[in-house]
Amino acid sequence: MTTLELDEVHTYYGESHILQGLSLSVEAGEIVALVGRNGVGKTTTLRTALGLTPPREGTVRFDGEDVTGMEPHEIAARGMGWVPEERRVFSHLTVEENLRVAAHSAADPSAQIAEAYELFPALDRFSDKGAGDLSGGQQQMLAIARGMVGDNDLLLVDEPSEGLAPQIVEDVVEALRAASADTTMVLVEQNFRLAMDLADRFYLVDHGVVVEAGETAGVTSEDERIRRYLTA
Amino acid sequence: MSLAPLAGAAPQIASLVDPGALLATGGAVDGLRTAARVLAEGIGKGAVYFTIAVGLTLVFGLMGVLNFAHGAVAMVGAYLGGLVLVLVVGANTGTLATILVFFVALALVFAVTTAAGSAMEVALIRPIYDRTPTYQILLTFGVSLIIEEVARIVLTLRGIQPNPQWQAPMGTAPDVLLGRTELFGVGVRRLYLFEVAIGALVAVAVWAFLTKTLYGLYIRAGSEDTEMVQALGIDVRQAFTVVFGVGTGLAAVGGVLLMWDPIWGPSVLLSIDVLLYAFVVVIIGGLGSFTGTLVAAGIVGIADSVTTWLFTTGIVTFPGLSEVTIFLLLVVMLIIRPQGLYGVEEVGGH
Amino acid sequence: MIVGFALYPLAYEALLATPAAPFAEAFLPAITFMVVVLYTGLFAMSFDFISGYTGYLSFGHAAFYGTGAYFVVLAANGQVPGIPGGTPFMITLLLGAVVAGLLALVIGSVSFRLTGVYFAMITLGFAQVIYELIRSWGYVSTNPTEGATVSGDALAIGVPYVDALSLDVGRLTGESVENLLGLGIDLSTTVVSYYALGIVVVGCYFAMQRILHSPFGRVMIAIRENEERARAVGYPTYRFKLAAFAISGFFGAVAGGVFAAYSRSVAPDGTFYFLVTADALITTIIGGFGTLAGPVFGTLFTQGLEDVLSTESGGVATLLREGLPANVLEADLFGVSLELFVNTAVDGRAPLYLGIIFVLFVLFVPNGILGTLRDRLGGTVGKRLPDYLRRYRR
């Protein structure tokens, strides 16, 4: 079953035409990576799916339902989670409160939060700590956990490894792998090798359209059809 | 910073000060007593400042909208509360009954203005969220002009002077509040104690709303990152409507509290007075910070009471001293810590 | 536009001699009001200069207006140290404006540490403190809350020390001109003042326009559009903002100065008070934010409304009271007679209707009269058009 489908979407920031007829589809249970240079529209693709930057043309379907033009909170409430760039945890709230904001729509919020703690034991230890006091890696865990609670079927993950030390990145990758057991995932990642490692399939984006797509197995950045889009 | 009512109230304040306490400023023990009294009065004034400012900070914290109509609503609150008291309280009404009526008026005014504030958010502010903050200032400022003018017309039609204060509701204050209570060896005006009680009540209610309810959680999260909250499936617009309503209601509650206070009292000039003082408190505390507002209100209250004391004892003869001092506090704060005591928001981030 | 202003007094006088006089009196602004349009319009332009072009709302702008007005009056009374009593008005006007410019530098050096709403609030705070100080400053006069009055001769606009090229202004003390240039036209004191003030205002308008069209003005607009980018490109935006603020304060004070010369008295409530800024703000929004000339249209509009709603010179209330039959006037409306209602809800109630119009403009015509007009007539103001379109879409 198709979880997310973007069909010929055109998205603008003011007058800048960012997505120029981008199409992609994500099947239930898989991890799909969006790769490409900076500024080609990967983050915008995620924002378009969630309705944060609604498309001017084209359609967005989520779990078979046309969600184009819906408010972000309506789309999110249908089970789409977001792990934004730079994490954006609520630094004045405790870890527990961060999760409670996200779990509001779940049938049993406490059970959801308990599940998240099981997945990320480090968060359990700091549940009463202010999120702003956590380390970068811990904040990334929290952001992932926050994106998952609330009975979400799809997780949009934006640059999870950005600004983290290599060992911490490994922890985050493990966390994402663990999370993917329960949910479908769209991953935007600068680190090409990491993206290929985690994902089942990839879309290569350039100038607001998909230029290459396929299985990740065996694909390296040295591949000629990939390389010319990744180097400046 | 204040206008006619404060300047005009100067002799009034003087007559309120216990001459005995003033004459005794020489002795060390008496000096201590005076200090205690000034401090106690400062806390009383601080409670008032907190009550008039807390709604403003709540609204700004979540929505980034600086409500220039805040003072106008407080003014309306003072008149509406006064109206209830004048209608219900007669010469024979007992003290307890009067205070009960006061609380009924408080609840009623809060309910009415909260509803009105929510309606205003939906009808007027919602259409302009996507514009620069300048337009939100302009819009709420325009609304305050309209409220003020309508108030003037209604009052004039009813034969009440818009300025100075409407005396009738001030006269309903029970005698017991006009006296003094011995506290730590000094006579403190009971009205201040009453104001502290109400201020504490408002503070606890707002604090509980923010920390104990799911809505409060959304508001605290939304104050940091509205878009993120939205992306977690929460209807932020609805939260905006509720918070703007509550903020407006709190402004009116502040107004009701001012109704019995001889320094303030129901007058059309409350509109700008309340606005300016609320601004000062909220900036010193840090826009959007509840704790900051509480602390700043205390600081401003004490500064006010110290400078008022300096003026009434004749040490300083400049009647605008307390307004100027309070404002200087603001300027100093802006120079050394522009985001305020508890502000973390990037300055001008909104 | 300028020609229209120049011909208006003659047209107005002519109309009053026709049978349409009662309606003209009720609905057309009298010349005294047109004089008000001149100095309040100039003040609103100075407000627009900083607020409309850099995007920083100067909520305490009344401080500069008040400084200009008080300086002129105090100087005329010989109360400013170092300036002898008889110093020509044109010189004291200029000095007062320079003082206000310096004041703007002081206020601005603190306030420009902040942006957005903070800036609006802190400038408002400064102005209110100055207002408070002026109200209780015994040096000004024996009753400072009531302000001060020029005790000496009329103040003249023109070339200093050249009597033939100077005109005394003031409603009662001004000069009148009989048989102008042998054309058989007599000009009353008010009309002479109107023209004399008009010259100053037009001069200031062109000066500000010159600045806005210079590279300096383009940096101001760049700051409004995107301050970070302007800084990134290498402009010291803080200094530009300070300079713009000082210029704006300078012209604001000129407006206050000519007001003082005309009215010959100043009071804190009419100069330093917050509502003085509010008036400029309202007229600027109605006329067109960031258009410079727009505020004058806005002032014309608001003063016109005030004139129509006031009884001082005709007006709707008078018309209603005189035109409606007695039984209608005494009709009962929620226990209040219609006459009383007219007296309180129409007469002198312009601020209410202005408030409503203002809110409607903010909501539906954010670019104001002139801004919208320029949008519509894209071709004639092509140079400015791209700017406006960009703002409109945002």
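Order of writing sets the chain letters: A, B and C. Residues in each chain are counted from 1.
Going forward, a contact is a pair of C-beta atoms (placed from the backbone, for glycine too) under 8 Å apart; a residue touches a chain by one contact, two chains touch by 3 or more.
Everything quoted here is computed from the prediction, not taken from an experiment.
Asks: Compute per-chain Cα centres, compare each with the mean of all protein Cα atoms, and return the closest chain.
Replies: Here the chain at the core of the arrangement is B.
Asks: Averaging each chain's C-alpha atoms to get its centre, pick out the one most distant from chain A.
Replies: The most remote chain is C.
Asks: Out of every possible chain pairing, name the one holding the most C-beta contact pairs.
Replies: Max contact pairs: B-C.
Asks: Compute the distance, rounded to whole Å, between the mean C-alpha positions of chain B and chain C.
Replies: Distance between chain centres: 33 Å.
Asks: What's the distance between the Cα centroids of chain A and chain C, rounded to whole Å?
Replies: 55
Asks: Between chain A and chain B, what is the gap in Å from one C-alpha centre to the other?
Replies: Taking the mean C-alpha position of each chain, the two centres sit 45 Å apart.
Asks: Could you check chain C for residues that touch two or more other chains and list them?
Replies: 394
Asks: Would you mind listing the residues of chain B that make contact with two or more other chains?
Replies: Answer for chain B, listing residues that touch two or more other chains: there are none.
Asks: Okay, in this complex, where on chain B does chain A touch?
Replies: These residues of chain B touch chain A: 214, 217-218, 220-221, 223-225, 227-237, 344.
Asks: Taking the complex as given, what residues does chain C use to touch chain B?
Replies: 55, 57, 110, 113-122, 124-126, 128-129, 132-133, 135-136, 145, 274, 278, 281-282, 285, 336, 340-341, 344-345, 349, 351-352, 354-356, 358-359, 362-363, 366, 394
Asks: Taking the complex as given, what residues does chain B use to touch chain C?
Replies: By the definition above, chain B touches chain C via 1-2, 7, 60, 66, 124, 127-128, 130-135, 137-139, 141-143, 145-146, 148-150, 153, 156-157, 272, 276, 279-280, 283, 287, 318-320, 323-324, 327, 330-331, 334-335, 338, 347-348, 350.
Asks: What does chain A use to touch chain B in their complex?
Replies: 50, 52, 71-73, 76-77, 82, 84, 88, 90-93, 97-98, 100-102, 104-105, 146, 150
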